């Protein structure tokens, strides 16, 4: 029922259980590409796993700890974007996201992340948004770089991916940076 | 972030904790009028009570059992509308609602209930929506009557209100009725 | 250990786990008849399902929300009667019941419902008892009619039964009605 | 609703919340006598404490772990008797009890404990019932002795009572003993 | 990380999940001997059962209700010793223990129980430690007897072991006894 | 009962509830110094708050998510060190610590952190240990620098401290680094 329009063709909507089939289809359809960087894809074996994921995101929302949204493009589910959690004490959050193969290159994710950062800094009144990406994951890193995030460091061997560790680049944007960006 | 536009001036948004102050203010501001039919008003003594209410509605949502929305008119919170619960087995739900004094007579509630019935029957694919109102509560009864609900019965002494029982009129609308209404 | 004698041959006892086998047997023995109006019968596939049911009724009791009793006739379990829940704020409750095939026509259920209504209005000091039955379920409807309940309305398509909706007749009796009935 | 008749004047009934006032009154009325051996009496300061106790006994029942009953004599609450817990694996339980001052000397407790032992060994099919009493608590010890329990040992300093330790005598009766007793 | 040295070759360590494999191996390796008196051995069918046991002991610790320790001898897990629970109100606890076949006769258990009693009476400031053993279990009974516990009674048919009941001897030691023992 | 000896004068012990008084005393005694970097100090108003903290650490342990230890120096509690959590999937953890005023400058923390890193990388078989410190907190930063951690980045405005944000330096050490360090 509730949506956030990004542009005429694109909107965000909080995930609910009725989206399970569509989200499972999207996940499976792009499995080979997504699993390169997202190990959870391999654990998504049936729509029941997707339902569990959505249920956990509804619980996250009900605990006032952020939410996960679907990105809809021309009426189809194109990807997922969400807050990992919200650290209200330190006025800080972090964002994660992925797109199905068919929706890459349309600018959907940059626009969606921009909407989330706006919401976090302007509506939730947070001070800091963080994005982490594997050093070699160029597509993922391009988003914060395009949106003016600052590269703040490199956490070595931060993640175990199937059979090896990957380093994470940490990007951060502060409320002040964002205002400045936007006014340019 | 997520909203449902009813018209240019009016939108619905799921309640979240940041709405607590505004909702508490609305409740207190119309206390004398609202308490005639809504006993919970008397239990709303500080913003903490309103926060507890909103927290319970977020839990309701996370249990896939419906949600409560605020009605915003020209940027101000005007009232509340929500599902009491959703009976998925029997494809049925019921709706409750109230408006602050300053927002009565603008057609906000009829439009909001219409949006909720549409959502329940068209998006959630339910079959039945029920509204109950005290027999003497003419303003509340006018809504389902205006929207083509059928009066199905009168539950005697259904509710204890401060110091006396009140009878409830039961209104119901079925998926088939609604389609017919809408096509007229 | 604890029982309520209805007459020399008939008694009520709160269900406990030791009744599982007997209750499962009764359910299965009358399966074809019962399933016409009670969809849960189809979900009772082994005694484990009956145990889960009984466990849930013990939890209901421990939450001060009513209980389920077995009806024993000449030492055999003949049926089940119970409160769906108790609405203490509005001093109201509702009752459900069923009998095994071999025990129909002996007046057991009318006597048992009478005992439950008495208990609800006289001991629990509630004000209202409700019984709902499918419009076509004549045997079930006969009970509240025989006991002087008032027909208060008809909730259309209230229940999804296998492959179709059924309408529910709502019967209610108030504390004052009951006193009057009894004194006649 | 559900009771167990011991004789014309005496019955047992599982405690429920409506008994709170009466039980609190009984506790307070015999406070000076009871607190000699029952330290919990000092923690019963208002009816809320009694409600908490009853709620905990309802939870005990719902966990299939025994229950607490009130002893009613000529319509008045005279005392409490209950299972501490049920050890289903080892087919064993233990019993505790107390009477209000006004009801001592009427044989109520011996009859009630007899009913409980009967229920445990004949209906619950347990094998062993244990009763423990402080060495100096002659009234309490008289009950198992009168009913043919065997004194099995003395647990030294088993209980801290206000400002000193007391030793516990352990009494046990087995299913075989009980049958033999009863046939004499 | 944390250990308690009993002597150069022997130490105690609270069990944690990394000990699961070793503990499962020890249990299975001595299965035939242990199952004579410990029925739980038969329920230990895979390392998952051992993990569940260890998880339950970590929960016990986190509830301030005692803990289970492994006995390590020359770097190998030799047995288990633990508190069943701690009764803080009555300043009392009880101890259970078992050894793998290869570690019997080395004095490990007497030393370990001595350490536990010391800890209970001197560090936890409890007043009483109890040990129960089946009447026929001579090896188990030898421990409290060697350490100066008093035999306080015999609980008849206290435990159901596969197909028969066994009687339990109750041993207790009080803080005063222990001081006296130690000074001799 | 269980301890880890660091040297003759210094040992680590998991915190338990009996340490509450001592830990509360240490916290309050160094309040003015500690609160410069640790905001939680201001929320420690009575020993009850310290008990809650210790209870939460016992829960952390029981969830296999790390633990908090006290640092004892010559028999007195000198400080606290613990794992924030353990990320078993990515074989990674992070460490936090603080010392009371009277115990600064004795090398206690460097030795304690060394013991924790050893335990994490050698016993828990993790791959990465992280330490974060405020940029201006020189004493805290000196520990990872002394132990050969790599400075990996600076998370801007990571923490809200009373009335301003502070930046965090991120230090990390990997299993391979540590082996190399130790062999030098």
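The first chain written gets the first letter, and so on, giving A, B, C, D, E and F; residue counts start at 1 in each chain.
In this section, contacts are C-beta pairs under 8 Å (C-beta built on N, C-alpha and C of every residue); 3 or more make two chains touch, one makes a residue touch a chain.
In this text the structure is predicted, and so the values were computed from the model without any measurement.
The chains that touch chain E as well as chain F do not exist here; no chain meets both. In summary, no chain was found to touch both chain C and chain D. Interface repeat of E-F: among D-E, A-F or C-D, over half of the contact pairs recur, by residue number, only in C-D. Shared residue numbers account for over half of those found at the interface formed by chain D and chain E, and the copies are therefore classed as meeting with the same residues. Here the spacing of chain B and chain C, counted between their Cα centres, is 32 Å.
Look at where the CA atoms of chain A average out and do the same for chain D: the two points lie 61 Å apart. Separating the CA-averaged centres of chain B and chain D is a span of 51 Å. The set of chain A residues that touch two or more partner chains is empty. Judged by the touch criterion defined above, the protein chains form a single closed ring in which each chain touches exactly two others.
Interface residues of chain F, counted against chain E in their complex, comprise 1-4, 12-14, 16-18, 55, 58-59, 61-64, 69, 115, 119, 123-124.
Residues 89-92, 127-128, 130, 150, 152-160, 165, 170, 172, 174 of chain E are the ones touching chain D in the complex.
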